[in-house]
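When the chains are written out, they are named A, B, C, D, E and F in that same order, and each has its own residue count from 1.
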């Protein structure tokens, strides 16, 4: 049987989804990623990662894949024609409406698999709101934790491969090689930031930024060394890690 | 070059999309369709129809396919576990945010291709709001006009193949035969309604309804006679008609 | 006893209005109608039609006339000084608040009698929302169905007597002859639109429009042939038809 | 020429309304007023007073009468079936939308003539909001200042003829004698309140109240002594006073 | 034990606050008060008055002092850099959220002690909303009733010591002498207003105003005669009066 | 001259605050912290830390201290009587309104000093919103980074001194010893959580929680070892670190 939520009929939802089920919502974005990558990067990565995770451990853990949210809160790229984005209020309303539907199935666990770093704090807030309003146990995972929010990035990028950098470009090359124009990419690392101790990506003091605050072409990182081979390796690693996390989600009960 | 909007990079959007372009937004739904059809019916039909239309006439008319909205305003099915739906306010916010992004590309024509009848009046209102706020020329098309809003339906269904009936089931059988369980379908036609002159689907007096107001299992129509062959024919006809309509959209200027 | 809702005291509401009652809300508009008609056209027509309907069949069918909403969602005329209009959100809030009050009386049937075509889709959406939130049976009627939404219009106007055209002008001449300046009226028919098969008023593809998209003076139709005599006839016909529809409303139960 | 705003056409608005004009918005209510008075009391009084004021001094002062708001913020009577009321948010939206339309005519002065005491503070707030947002000079008048907000009331009622008391009942008897059932009225004065120095109607400490906080039948005052003759006198006095106030409105410029 | 609400722990709230308690919320403002006074005037006065009231009668009447709202609805001063203000909607949301928390303690009486005249009507509306939504008994007091809303003001100021005038300046000199620059103050009385019978501060016709509608430097009154001695006397009088009012609050039950 | 923003007059704001200034907004909370600590913990810590920071480096760096927000988004403690909390929407509106006022002064840098961990993601989102809407450079600092969001916690608490634990209790003992009841504190560490690799505080998978999800009395950590001496040391360290961060804020320009 398909593990795609939307492939079930109403009565099948009622008989297949219950308190043991985990519902997985992939969240993408349609936003500029510089001249070397298409708008779809986060959408594709979230979608493909979710699919791979469900294939790897969905049956064992009773995971159901919801249709991906292709658009999300990308207003740091609002300046760039092409970006489609929800305001924070729209994004919160979308999540709330979806969670209300999930809660009506009897499922208790909802995992947000977020492909877009710009959503991270907003989804972090949503975890609590959805728990409070609907009683769901809520979780937030990333294909790879965004460096701007504490994840790792390469040394060559001084830890700032934030958006369209080496790792993200590599993963996308693995998934959609025909849509990458690596020859258009250059190094875009805000070197000055690396001199700060506190006010920097992942530092003790966070700061508000728009993607053109650093460079006019709106990407941050150094994609020049990206490769599909590296992407394949990163993607496989992410799927493994996410399945491990999913196992913890399966039995999570606040340490009680 | 791909005609999927999200496959373009930011700079490619800037150089490819302009006042001659038509942007096409498929709008689906994730909602119960009775025991014989999955939740995805409207999502799949909107998505597949858009793809076929763009393939048929996209190049000629400079049409770009936006990522499908899988979820929309399905609150007439809120009673049924499984249905995921946006409130009217959320739906309006989603459309507004997307249209704002479209307007920033310089495109002037936005076509909503709506697979879910329950959206029809709401989108009808949105056409004006988006024109007023963003100056876009806005259009609303349906793979097939919903009988509840003036479209044709079969005589056998007394014109009430509203939701999960013969035609919709047939089209879906053509597109995803493996997800249809025709053996679970029965005739569900609210015969009493047919006696009315005014208060009926498509009558001079419209009425508010939820999908379980008629029958407890929430579909309306008679899918028992559905077939993939009929669906193929309907689908092909829809694509032809929509391309004809798209040609009118291309040069539409309010009759001036 | 008066059949105007507001003429009753609180205790009289409690003893007279019940599950058999039909509550009728006339909805007008205060908006430009070209140089030959005052802002009040839709307000007057909705109000007078409701009064005539209640007089004709109110006693028999237990209909109660609510105070008319004079202002509604007329933002297609926002460009014209004089127009007073509610935003879609305000309009929805107004309807919701009124329906909440209606629901508290124990009445179960609410009929919206809409004199302004620009409200049609918005009210179509409201029918469902009010049913869902308050459990009311909700209905939408028009003194005459707007041609832009499927109603008839004259051949001379190529079916586009949308706003201030022959029929509407005639009805208003019947009701308020002193306020009509027929000598200021001209033919305003967007002939080009008539060549379209799909994208036109009442066509399979609807489109967003503002009333000055067609002609700078904001009316659409040919009022030059209007007459009070024709108006009288149309008005009487409308009242008859609406009473017929009211009879169906009286016993409507979704064909069950 | 009619001084009713809605009787003008769009072009007539443009040529007749300007910076010298005063626009007058009557605000009523549809709410319980005890067993002796209909729901329409505030609606009728606001409407009739406005009409009389415009007749008395409209030509001289260039006053234009807007269509009355029949429903307003009556949630202190939400407990009583029959009451139709806007929430504070809806009421604010309604006023804002109307003021936006007024501002587009070029008029600079908007007078709210409020027949419902329960609106008083809300409209007091709106005066500033509409001035700030639209630059209008805004004014709030009452047919008679509500005793709960500093106006006079009779000694016999201990100054608490707040709602459905002697004066209001009298005015309504003058305007619609056939709708008054004085035989159903009794004395309803919360005597205990009169012992307070601070916490009372018009005292230095105001308090939140619902109309059934005092007596279960929801009126406050002593209508038993009401008469049409007294009402006629009060009504005539109100019209005189309001015209005096209108003269001050005409030239008001913040004492500059 | 401290009578500051925030000094209690959660369990102490549960055991100390009950239906006999009165909760006191001081409401200040951060807004321009002319060149002679700091932004904090209303904040300091509300805070200090509340503290003095609780010291004087808090123990006897079981009053608990909530943390002061320093910022409130000061949009009449939006034109002046430095003013921090909540919109009406934000202010309503803040009050609603706080009242929800209060209601959860089991307390039944909430007193708003408002130091900023510009809040008066808004809080007057809130009294009812909070009573309706949370069942609280709600009260509004002022350190001194604002002259613009019916309070007294000096003859020398023609009753218009509205904002930064003699009395307010005096009270602030008593509380924070080091922050007053009396040498920068001049007489700012809109003499023309005094000629009006109706349209004036405290008149039968109220009007919308911004603080720079009268004079460019935004204060209204004559602070030149202010003194700390007068302020001390006014402050002491206010505390006495407020404790008297608090006694009435203690047993208030709508005169029943 | 005082460095408290509210101590300045309007004209002093205009002459003292400019593009070189840093505005510092302390954000507290009024929420349960277990039986050993008062509701005010986060309010006091944010306020005192801000005061100490301004004293230490305010003059040098041109920092101005805004009045503290005492209440914020504490809805993880909504279950506990006493907690006063803003909804996410109210909190966003409050921040937006304050930032609008700040932006009108000509200042360009706004630092949020957040004493309440439950605000962290919400404020993280606000940083971007305020930058996008008002063009401000925005920063988020914590007296100590919350362990739930990546900060350090003691080994004895297994890194989970989240709320009312050893460090927070110590700092509060240093600041308000008379309000701490250490004898009521016990060890409250959700040991089970420590076994997780991914789903834990600060792990790669974050989760939604309410403060009573772990233990019924709502604190998480082990305050038994707290001391004022440790608190003094932590507080001094925080002030030093924050001044270091402030220096980076002073010249921050996105690494350009």
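The definition used in the following text is that a contact is a pair of C-beta atoms (placed from the backbone, for glycine too) under 8 Å apart; a residue touches a chain by one contact, two chains touch by 3 or more.
On a predicted model such as this, the values are computed, not experimentally measured, just so you know.
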Considering only chains that satisfy the touch condition with chain A, which of them also satisfy it with chain B? none
Chains touching both chain B and chain C, listed by label: none
Would you mind checking which chain's C-alpha centre is most distant from the centre of chain C? F
Farthest chain from chain A, going by the mean of C-alpha atoms per chain? D
Magnitude of the superposing rotation for chain B and chain F (Cα, nearest 5°): 120
Chain pair equivalent in interface to A-B, over half of contacts matched, among B-C, C-D or D-E: C-D
How many angstrom between the C-alpha centroids of chain F and chain C? 56
Find the geometric centre of each of chain B and chain D from their Cα atoms only, then give the gap between the two centres in Å, rounded to an integer. 48
Check: chain C positions touching at least 2 other chains come out as 89
What topology does the chain contact graph adopt: line, ring, star, complete, or other? ring
Residues of chain C touching chain B in their complex? 75-76, 78, 88-89, 92, 118, 120-122, 124-132, 136-142, 145, 150, 190-194, 196-199, 204-210, 213-214, 241, 244-245, 248-249, 252-256
Chain C partner contacts - residues on chain D that touch it in the complex: 2, 4-14, 17, 30, 32-40, 43, 66-68, 70-71, 80-87, 89-90, 93-94, 96-98, 101-102, 104-106, 179, 181, 218
